[in-house]
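Each chain carries a letter (A, B and C) given by its place in the written order, and its residues are counted from 1.
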Amino acid sequence: MGRKLLLEHINVPGIQTFEVYRQKGGYRAVEKALKSMSPDDVVEEVKKSGLRGRGGAGFPTGMKWSFLAKPEGVPRYLVCNGDESEPGTFKDRYLMTHIPHALIEGMIVSSYALGANTSYIYVRGEMMPQIRILEKAIAEAKAAGFLGKDILGTGYDLELYVQPGGGAYICGEETALLESLEGKRGNPRIKPPFPAVAGLYGCPTVVNNVESIAATVPIVNDGGEEYAKIGIERSTGTKLISASGNINKPGVYEIELGVPVEEFIYSDEYCGGIANGKRLKALVAGGSSVPILPANLISTTIKGEPRLMTYESLADGGFQTGTMMGSGGFIVFDEDQCIVRNTWNFTRFYSHESCGQCSPCREGTGWMENVLYNIETGQGSMEDIDLLWDIQRNIEGNTICPLGDAAAWPVAAAIRHFRDEFEWHITHRDESQQRNYGLAHYADPLEYA
Amino acid sequence: MAEEEVKFKVTIDGIPVEVAPGTTILNAARQIGGDIVPPAMCYYSKLEGSGGKCRTCLVKVAKGSEKDPRPMPKLVASCRTTVMDGMEVHNITSPEVIEARRGVVEFLLINHPLDCPVCDQAGECKLQDLSYEHGLEQTRFEFSKRTFERIDIGGKIQLHMNRCILCYRCVYVANQLTDNREHGIIGRGIHSEISTYIEKALDSDFIGNVIDVCPVGALTDRTFRFKNRVWFTKPVNAHRDCPTCSGKVTLWYKGEDVLRVTGRKDEFGEVEEFICDTCRFETKSTADWILEEPAPIDHESVIAANHYYEFNLPPVIQENKKLQLANEEQLARTERLK
Amino acid sequence: MLSIKENQPVEFSSELFAQFGEIVGRYPEGKQKSALLPILHLVQAEYGWLSTDAMDKVAAYLGIKPIEVYEVATFYTMYFLEPRGKYTLEVCRTGPCCLVGAERIMTHIEKKLGVKENEVTPDGLFSWRGVECLAACGYGPVLQIGPEYTFYENLTEESVDQLIETLRNKAQHEA
C-alpha cells in the first residue's frame, strides 16, 4: 500500500465536516504556517517538495510562486482552479466532494505564503453541489477562526470565496479563468504579461489546481524534504489518478508517483484489470489531450523498460512512443473500442470548447471534427488521413493557448499509432458501420455534420 | 550631456534596426518596411488591446536576446511580442513561418464565402491580398461553410457575418471610440459572431469607423453598397472644418460624384485618424470639402491600376484593330493622361 | 446563427436583489462585473432561462452594457437563452462516458421522452441534451439536472426510466 497524503481519511464518516476533519489532525498546517513560519518559509518548503502543478502542465509549483511580483500597495491574489473539465479527469470533484476542508486548509496556507488577503476558488458551474459543500466548509472554518480577520490571533486576514463558472472547458486555462472570474467571456489572454505580474484585476496572481493546493497541507505539516522522498526523481509526492473506461474498478486513486503502469491497471488495489475479461487496446494516460498509447507501449517504453506513473517515464519516447502525465485522467480502452470514433468524439469536444478567438483553433478543430466524422461514418477517403495530419500540424503550436495543442495531439497520436484502423474505416465502409464498437450512434448522425 | 535614449538592436530577416524598448516585433518590422513586414489581420496600432488573434503575423524568434540567446520554443505573434536587445527574428526567411502562415490563411478561408465578385471590399481587402500571397490554389475543405443572414446594423452599416474573420477590431472601435458599445462577439468557437444579439441599430458619432478597420467585407458602407468597384473610383484627400473630428478624409470619386468617404489610410492599411459619421456618411458633395491631392496608392494595388498609370499597350493590341476597339475607353484615358 | 424568438419581462424580487448584493460584496470595489456569472445562475434558477429582459436588468443592476451580458451568456453553455423543460436532462457525451454506453443512454432518453435534443416535451416537463465532459468519468454514464445540478451516475436504461418517472410524479405533486 502506498502512502496517502490527501485521501488518508477519506473513508472516515463525517470527514466533510470541520469537526471531524479537525479531529483527524486537520488545520494543523494552518497553525504551523501562520504561527511558526514566515510566508517565504512556506514557499521554500513547497520548492523543496518538488511539487509539480497537478492540473496538467506539471510546472513546479514552488517556482511558479516565486515568480509572483510583489509591488508595494498592490493586492495579490491566489485563485484556485477548480474548473476540472479535461475528459477523463474527475479527481478534483472527488476531493472537493469528500474532503473539502483539505482544499480550504490548503487555500489558507497557500494564500498566507503568497501574501494574498482575498482568494477565490473557481469551480466549474456544473459542480453546483460541490460549490455548496465548499461554501459550507468555508463558513465552518470561518466560525472556528481559521478564516476572516486576524486568523488565530496572528494578524493575518483572509477572505475566501467560491466562484462558479458557466460551462466552458477553456476556463481551465489560467488566463481564461481569470477573464471568467472578472465576469467576461472565457477568452485566454495573450501572454505576456503572465498572471504572476498582471492577473486578476491586473494584480499579481497565482492560479493553482485544486490538488496542488491541497498538497501544500502535507508539505507544510511534514516538510518539503519529507514530501520529496516519495516518488522518483523529479516526480515527487503522491498524485490523484482518475481511472475510467473499460476497467473493473473505475475511480480516484492516490498513488505514490512511480507505481508501474501495468500494476496500476491490473492490481486489485487500483483499476483491477480490464472489465469483462477483455484485452487492453489502448490507454490515454493523462486526460484526453495527451497522446494515446497503443497496447505495446503501455507497460513498457520503447526501450523495453517498465513504464512508470511518473512525469518522466510516461513522457519517455517523446510523442513518437510516449505520452504525458497531464492531469492524471487515466482512460483505458478495451479491444472493442473504436479509436476513430473516440478520436472524433474528443475532437468534437475540442471544437465545442474552442473559445473562437484565434483562427487555427476556431477553424481547425471544427474542420478536423468534420473530416473525422466522415471517416467514422464510412464517407472518408485515404487523402483525408493526410489532410487530418496537415490540419493538426497547422494548429499545433500556432494558437494563443494550449487548447490548440490539446486538440491536435490526440489526432496526431491516433493517426501515428492506429493508422491501419483509419484506413480500415475507409476501405471497409460498410463493415466499419456494422461492427459494434460498443459505441452506438445515439441520434441520426448525419444531422450532426 | 543629455542621457542617451536606450535603443534595442533587433534583426529581422537579417536586416538590423534599432527601436525603443517596448516596441513589438511587428512595429520594428514596419520601421524597416518592405517585404519583411508580417501581415496583420487583427492587430491595429490605434486600437488598444488588438492583435494576437488571427495568427497571420507569426514569426520565428531564433535568438531571444543578447542576454538569453535561446530561441523561443514556438512561433510567436509578432504584433504582441515585444523586442529584446539582440533579438533575431525570422519572417520570410523561415520556411516554418511561411508554412504556418499558409496554414493560417487556409483556416481563414475555409468558412469564407469567397464572394469577392459581389463584395464591396474587393480591391482593398486584406484577406484577398493575404490569400494571393500565401494561399493555396485549391480548397481542401469539402464541407458546407457556416453561414449567417446578412443584416443591417443601423441605416448606414451592413454586416455580412459570413465574411468575418473575427478580428475583434470593430469591438475595440466601439469600446474605445464610442461611449455605448452595442455590438460584440456572441456565441463561442466556430459559432462566434459579431452581433447586437437583439436587433438594434448601431448609433454613435464614430461607429462608422468599424467599416474602415474591418480587414474584410464584413462591415461595409451601405451608402456605397454596389455603387462601384473601388478600383474604378479615384481617391482624393480632402478636409473640412468638422466640429467632431479632424475632418481629414479620403473622398472616392467616380467622375464628379463622391461615392464614399473614408479615413485616410497609411501604407499598412490603417487609418491615420478616425473620422466621424457626419464626415463619412452625410457630406458627399465636393462643395463640402477642400480638396488637397490625389491620395497616395500603393502601386501594386488594384486601385492604382486604372488611374495613375498609363494603359500599357501590350503589343498584341497595337496590331489588332478589334482589340483596340474593345479597349477604347482605356486608350482614350491614356491619351488624356499624356 | 442565434435567433431570439421569445422574451419574458421579469421583475426581480427583493430576496433576489439581496442575494445579488451578497455576491457583489465578494469582489473589490468597482469590480462588480465579476458577479455576472453567479448572478446569471441565480436568475436562471428563478426563471428557468435568461430572457433578454432579464439580462438587461442584470446589466442595469451591475452598471454594465447589455451587450456585455449577452456576450457572456452566449459563451457559456450552462445558460439557456430560450425556455426549456422544467427538467433538462444533460447527459455527458464525451469519450470516457461513451466507452461505457453514454450514447446508448441518449438514444434511450430520446425514445423515452419522444423529443429530439434541445426540444421540450409537450407537457413542458422535460428536455434533454448531450453535454461535454462533466468530470465524472469514473461513474459514467452520467447526467445532471439543474438548477441544483443533481448528479445521476452509472446510468442504465432502467435507472433512467425510474428517474423520469420520479420526476414526473414530483412535478404532479408540486402542481
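Everything below uses one rule, namely that contacts are C-beta pairs under 8 Å (C-beta built on N, C-alpha and C of every residue); 3 or more make two chains touch, one makes a residue touch a chain.
Small disclaimer: the values here were computed from a predicted structure and weren't measured.
Taking the mean of each chain's C-alpha atoms as its centre, the chain lying closest to the overall protein C-alpha centroid is A. Of the two chain pairs examined here, B-C and A-C, it is A-C that is joined by more C-beta pairs in contact.
Our note on geometry: subunit B versus subunit C, Cα centroid distance of 42 Å, whole angstroms. Subunit A and subunit C have Cα centroids separated by 25 Å. Among the residues of subunit B, those in touch with two or more other chains are 185, 187-188.
Contact of a single residue of subunit A with at least two other chains is seen at positions 168, 185, 352-353, 355.
Residues of subunit C found to touch two or more other chains are 68, 71, 75, 77.
Those residues of subunit C that touch subunit B in the shared complex are 1-2, 4, 52, 65-68, 70-71, 74-75, 77. The residues of subunit A lying in touch with subunit B in their complex are 168, 185, 190, 351-360, 362-367, 370, 387, 390, 393-395, 397-400, 449. Residues of subunit B that touch subunit A in their complex: 51-55, 58, 74-75, 77, 80, 100, 103-104, 106-108, 110-111, 140-141, 143, 165-166, 168, 185, 187-192. Partner subunit A is touched in their complex by these residues of subunit C: 26, 28, 31, 33-38, 40-41, 62, 64, 68, 71-72, 75-79, 93-96, 98-107, 110, 116-117, 130-140, 144, 146-151. Across the interface of their complex, subunit C is touched by residues 147-149, 161, 180-188, 193, 195-198 of subunit B.
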